[in-house]
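The following blocks contain the structures, represented as structure tokens.
In what follows, chain A forms one complex with chain B and a second complex with chain C.
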Partner chain A sequence: MSQVFNRRKIKFNQKNKQQQDDKLNSNPLYPNLDQNLEVLHSLYKDCSDVVFRSFVIADQTKAQLIYIKGMSNIEEVDSNVLTPLMQKADQNSINPKVLIEQRLSVAEVTRIESFDACIDQLSIGNPILLLEGDQQGFALGLSKWEKRAVEEPTGELVVRGPREGFIESAEVNTSLLRRKIKSPQLKMKTLKVGRYTQTTIMITYIEDLSDETLIEEISQRIKRIDIDGILESGYIEELIQDNSYSPFPQVLVTERPDTAVSNLLEGRVVIIVDGTPFVLVAPTTFYSLFQSGEDYYHHFMIATATRWLRFLFLFISLLLPSLYIAIITYHQEMVPTTLLLTMADSREAVPFPALVEALIMEITFEGLREAGLRLPKQVGAAVSIVGALVIGQAAVDAGLVSDHMVMVVALTGIASFTIPRYNIAIPFRMLRFPIMLLAGTFGLVGIMMGLLAILTHMSTLRSFGVPYLSPMAPMKGRDMKDTLMRAPLWKLNTRPHLTGEYNKYRQDSDQKPSPDKGSEGE
Partner chain B sequence: MRCMKVIGLIGIILFLLTGCWDRKETNDLWIVTGVGLDQPKDGEVEVTVEIPSPSGNEGGGTGGEGNQAGGNETILQTGKGVSIPKAIEDLETKLPREILWSHTEAIVINKELAETGIREELDFFIRHPEPRLRSYVFISEGSAKEIMALLPPMERSSSEVLIELAKSEVLMKVTLFDLLEMLKGESGASILPMIDKLPPEEGKQPLETIAYINRSAILKQGRMIGTINDRLTRGVLWFRNEIKESTVTVKPEEADGLISMNLMKGRTNLIPKIDGNQLKMTVKVETVDDVIQNKTKWDLKKMKKHKMLEKELAQKIEMRLTDTLEMVQKEMEVDILDFAEEFRRKHPDKWKGIKADWKEIFPTVKVIFDIEASVLRTGQGNVP
Partner chain C sequence: MIEKGKISALQMGIMMYHAIIATGILFIPSTVYEAAKQDIWISPIWACPLGLLSVYIAYKLHKLYPNHTIIQYSEHILGTFLGKVLGLVLLLLLYTSVSVMIWQYGEFVVSEFLPHTPKFVIIGMMVLLCAFAVHGGLEVIGRLAEMVVPVFFLLFLIIIILLLPDIEIKRMLPVMENGMMPSVKGSVALYTWFAQFGIIYFFLPFLTNREKGMKSGMFSVLVVTLTLMFTNIIVILVFGSVTENFNAPLMSATRYISIAEFLSHLEALVMAIWLAGTFIKICVFYYAVVLGTAQWLNLSNYRSLVLPVGFLIGVFAMQAFLNSAEAAEHFRLVSQGLMDTLVYGTMIPMFLFFVAYIRKLRIFKQRGERER
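Take a look at the complex of A and B:
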């Protein structure tokens, strides 16, 4: 099996190499316009969205304008390219290149010398201008296609904080970052990935803050990718993460520019993928997945309190059904007598063991959640009514489950929504089920076994060389100020340590406001 | 891949294992909240268990209804045998479900059984892993079964009434653990709350009443030898430094009425002293009280009256303690005041010689009282 796999891999690599070689000896344009057109026509055969427009520059030189419908700004092409160029020349036999320099009122004009460059420019929406008797063409920076406006990200809502979110266009996304970080030290490296899609991927970092080896490692991993297409940053995430079999996300995903910027300022690397509003942040740790942008905009006390609340509800979302099962089937002595009696009362008519009861309800709830996500908005209300009935009193009246189980499931459901990042809530939602089985089989001992297994697994994880559970394991005292608690901003003097050498101090120390400061003016 | 296979395998095994081992669904359990021990005839024990009935089945199918107001639905079942395990075996044949002992919070022992000795019988509750050492132990005047059968109008079951009464700490509160300590202690004496049936109100069913704690049973070497009334019980509580609730009413000689005071804080120190052959015990009592009712014309804010009141209070407490001592030390000759432990702690060497003859020595111990009573809050108001 593995031999076959290896052989296939070798074949793959050979093919790859060939492709790369082709690219290097990129075929240059011919001096003859008709010859060039012939090649382009054959390349874009049956592409009805590619427009070839031939015209004559100043009644003298034959020229061809090529663009893709819907990707270029036609009005500007009309007014700034065609109109000035088609005017009659003042003198006879003027060099068309000079004419272009004089008359073309387009900001971005690049010279292209090969057919590959031609295709590249066309596919990002830039019209191409080819001239008779010229071996170089012009790519005009007039791309314009339909894109969404910058809106509030729906996945990460905040009460206080900027209301802008990334959109599908990588250019707009980089501009959002640049608007927040004015320093030229914000660097962006562009890569193209995907055999057919040629998706733009930008590795964004701040020079001097990010470890150079880290940037090198990330770009190496991205360059290694060779697949047909990249449609979302999830593709990249799955292809570059350290441990593929782990249910835990090893890359942070965000839609918010402010979150991305704060991560950049901590020395992390942001990966922007064209075509999706979700950018990746690497490396990441378990605790940073529990930080919400809002933690830093509110008072540090409430931010700390909400963090604790999140951790509490994390445990509830992972363990509550299991604890219920374990206690009700194995450890009845742990329940206060009065509560046990009411529990026994409500379970009296239920025909299933507690484990089956819990599984029925939890699976129903997960199903309802999934249905609610995918349904068109018009029928959404119907589902929530039916869902409320299914999880609610009807299930109890039908004798399928007990009252307490409904309560447990509802609380678990709520708990998994309190976690600020969707992707870290998923593993806990999933792991709930094996732990429920363990609880139904071994009671509390089983729950502890499950927890230990999860903890062991988590402590083996690394995200681009950073231990997943740091700064807890390994313990780094200085970085603890922003994990379980959020220290006041004037205390957050050092950057969290990721790997290797790092730029330690991020602000001047001793900035706590007090009366004797700020009195310099007097 | 291998890892995934192993996980998959474990998953399948877990599914197969589900439902094995010591899984106990609550539907298959009788949750015992109270136990009564009786002695129908010599050499036989009758165990009565009180089980709050799960109402799920009786509701007539339609959930939500069938809510028996008050919820005092309990099931009683008894088993007989030569010993408690035998009796429980007999009991289990009559119950369709498994018994869960871990919520037993009240153990009621019949007086006749207590008179023959409870030490051996309680061994079962201590050895068995399920019953709690925190459950309360009582001795009943009549049959324990009858106490268990009561249908209290307020609480869920008769045992719950007993638990609440014990928790209020007006009279004795003894848990199984305390009892165990007393039985194993140096003095070999133990004291337990004694309960009796409150006569039902007129027009009510004979069972619609509660049991209440009205005196205390005194046990010597695990055998009940007598009782003391509530007043003396409070005296014992003073000696044992367990006093929590006490109301003292005094009538000062010069005053024209009564003054009632409520205990705020009471602390007792026993200071043993061995003087040659004479054993002495200083009982040092510190107490702080509040005035709760003043029926006299006294202005308690006046220092003189205040001092007189404090003196009166100290005298009253001393009187109670003397009476208790008279009964316990002189008449019953049982060391439930725990003097033995104090002597052992203070003079561990000499205690070895005293221990064997403690029964004879205890009544001769000279007790000196040192009572310091203060009245903290007299209130602003004066006689209306």
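Take a look at the complex of A and C:
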């Protein structure tokens, strides 16, 4: 029966839809139940979690129920499938199909005609019912497996905003989206990726808001993936992004349905991967990675100020150690005299040049952070005590670093936590080190060179055709009102411009609230 | 076409703005001061028409050959051989021009910031960085220019505001003490900068909105003029008659800023502005050289030329002048009117335009005669 499996494998490589349809019906079920069982037994050989239960429908027809342990709702199978079907028939000869229609109290029943469909249905937890003398089987929608409840996402906390987050089940995730977007124009295309895992991937978009070529491009890129397994959306991200050698994320990752929905409403495409609470949003730009969903729930002035704060701290997290090094090493005249005196005083005991001092401290801090992330919770307290010693007064007293360096490292650490998305904070944490080296060798000139190199790299990036730095470069005045600032909602009349000019206006203009406007009817 | 990317007219304008102002903002005041004295702020007004003229001619030529750069249409206008020769002359002028720019950059960084660092490291770093951007293509340079310009204006504004306590109006007076002539004479030195606007003949074919090309170019000239006027005014108000003694007066002026004993020694700010601007400037010219060379050699792709050309201009820049005395002599001659930029920025295009115009007239005439 390896033939069946091989043909399944070939199927995944088929790009052509026509061929795929042919293949779906290529391994049809036999009319004979024993023959069918033989095939399925050999397919699920040594699979102790697959249960085959044979019984007789109404004392007349032989039938077989197949399900996978732990993935189907056994109580419902007992009460709604086995019990009614095993009852004696009123009449003597009865068509088992009719009986099923009359007695089976299960909401979702699909007819299946091939072994491929059998395997697909079993894998998602639906029990299969095969009848003697019938070339079609029944897939019963009684899947039920252990999943986490919808909880507040731990990675993206908000002060104000919905507290629900995506979970590991793609079905639940789509339902979270559907609960927010009631329009039938919310479309979901399902693809299966992964030779063995057969992971469900859903491309979600709103019809008429997303560019069709964009959707086509994204599905093409996903279909091109041929890999053993997809365990997390990171696999998809890495395999579909435009520039693989860039440290910058070119896809937005979120755990929050409200963020996903707001991106859908801006014409972007959300990619849901089964088995992970992290969904992907494409295309994305550099600036949208700095936006939090909360920006739109607070007053626009506060949101704008918060955004500026984030950009400020972005620069601090990238540049502060380098600036410290450059100024201490090359441009001491920039420091006010009184401060310079205390700095010189505290650096007197330190045997290293500023660059080495900064590298030691920054690497220690990164190590501490990594340790804090991975350690079991019980040991966490110990790490924080040790951490406080390592980057604290003890380090200064030991004569390893100066007071000011501790300040710099602590501030840099805090700064990198103000960036709302973890994945955009990482490249800046990483790029800090080469810039520190540049600062140590060339001073401020080196820092500027490093910055320009980063900027040049970012200018070359595109995310699914959208320039990474847009709407700043190339400049799109219309979109600037939701980039560095967050304009009031009644000003955000147009959708962000992505690739095509698609459905430009998202709301009625002139919605500024004012008591003069009075009520409608007047 | 050899360049697949497209830039907007606005991006081109901003690129040109950086290309002119980056060095201008530092070196123009003292260069002009020699002739114009306290009227240096008027000189940009007299030089501005040359910039407008350069843009106008480049645009007119672009109208005749909308999909070609000057290297290509010079062959159309003058015939293959003469066209190639003219293209070579133009490219050589550009090569030397960009090399001198890089030399200036290296010299400035070494003398002002990093006296102990070898010059080839400074120059090599900049050339590599520019090569990275040029390899990205015109789009990347356009975007970089756009990203840098708000920072530029912000820092420029901050510096001007912080210099306000140090100004004294009477240093600017009397305006036009000896009539208009000193400021007009001073403006001659500015032609070097304004003639560089001609280089837009390399960018006009790649605009998304070509009809705005001229408008944006002209606008760029005017903004450059205004920026230079502001710079010169502030420099003359701060320094008065000692302006001449500084190589880069604006930079030196920021050294005087001292507010609340905390905001002092802000020349790093000027350096940041200037470095970013110089980067764009070198990128713009570097790109022009690379594109021009590729088109002159009829290559289908210019990217393979980026590094070799970068190496060339790096070495040229190292060897540009034997010593600073020679450089000073060179810049003195340039400020007196012996300028390469004027040749490739204005004169060659003007010559091409006239030839094209005369040939066109003849063609019309012949056609008219035939019809008769």
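Everything below uses one rule, namely that the second predicted complex is superposed on the first by the 494 of 522 C-alpha atoms of A that agree within 3 Å, B and C clash if a C-alpha of one lies under 4 Å from a C-alpha of the other, contacts with A are read in each partner's own complex, and residues count from 1 in each chain.
We adopt the following convention: a contact is a pair of C-beta atoms (placed from the backbone, for glycine too) under 8 Å apart; a residue touches a chain by one contact, two chains touch by 3 or more.
A quick note: this is a predicted structure, and the numbers were derived from the prediction, not measured.
Enquirer: Based on the superposed arrangement around chain A, label chain B with chain C as either clash or fit.
Expert: fit
Enquirer: Consider the C-alpha centres of chain B and chain C from the C-alpha centre of chain A, and write down the angle between them to the nearest 10 degrees.
Expert: It is 40 degrees after superposition, to the nearest 10.
Enquirer: Should A:Leu65 be classified as contacting the first partner (chain B), the second (chain C), both, or neither?
Expert: Neither partner.
Enquirer: Should A:Leu29 be classified as contacting the first partner (chain B), the second (chain C), both, or neither?
Expert: neither
Enquirer: Which of the two partners, first being chain B and second being chain C, lies in contact with A:Thr460: first, second, both, or neither?
Expert: second
Enquirer: Could you say whether A:Tyr330 touches chain B, chain C, both of them, or neither, answering first, second, both or neither?
Expert: In the superposed model, A:Tyr330 contacts both chain B and chain C.
Enquirer: Looking at the overlay, what does A:Met343 touch: chain B (first), chain C (second), both, or neither?
Expert: First partner only.
Enquirer: Let me test your reading of the model: by the given contact rule, A:Pro353 touches which partner, first (chain B), second (chain C), both or neither?
Expert: first
Enquirer: Once the shared chain is lined up, is A:Ala473 touching chain B (first), chain C (second), both, or neither of them?
Expert: The answer is second: A:Ala473 touches chain C but not chain B.
Enquirer: Examine A:Leu400 and indicate which partner it touches, taking first as chain B and second as chain C; both and neither are also allowed.
Expert: neither
Enquirer: Would you check which partner chain A:Met449 touches, where first means chain B only, second means chain C only, and both and neither mean what they say?
Expert: After superposing on A, A:Met449 lies in contact with chain C but is clear of chain B.
Enquirer: Please provide the least distance in Å between a C-alpha atom of chain B and a C-alpha atom of chain C in the combined superposition.
Expert: After superposing on chain A, chain B and chain C come no closer than 5 Å at C-alpha.
Enquirer: Can you pull the chain A residues that chain B and chain C both touch?
Expert: On chain A, the residues that contact chain B in one structure and chain C in the other are 330, 333, 337.
Enquirer: Considering only the defined contacts, which chain C positions touch chain A in the complex?
Expert: Against chain A, chain C makes touches at 7-8, 10-11, 109, 113-114, 117, 122, 125-126, 129, 132-133, 136, 139-140, 142-144, 146-148, 261-262, 264-265, 268, 271-272, 275-276, 279.
Enquirer: Given the complex with chain A, which residues does chain B contribute to the contact?
Expert: So the residues of chain B touching chain A come out as 3-4, 11, 14-15, 17-27, 29, 31, 33, 52, 54-57, 63-64, 100, 102-103, 105, 130, 132, 156.
Enquirer: Touching residues of chain A toward chain C in the complex: what are they?
Expert: 330-331, 333-334, 336-337, 442-445, 448-449, 452-453, 455-457, 459-460, 467, 469, 472-475
Enquirer: Where on chain A is chain B touching in the complex?
Expert: 245, 328-330, 332-333, 337-338, 340-341, 343-350, 353-355, 396-397, 399, 434, 437-438, 440-441
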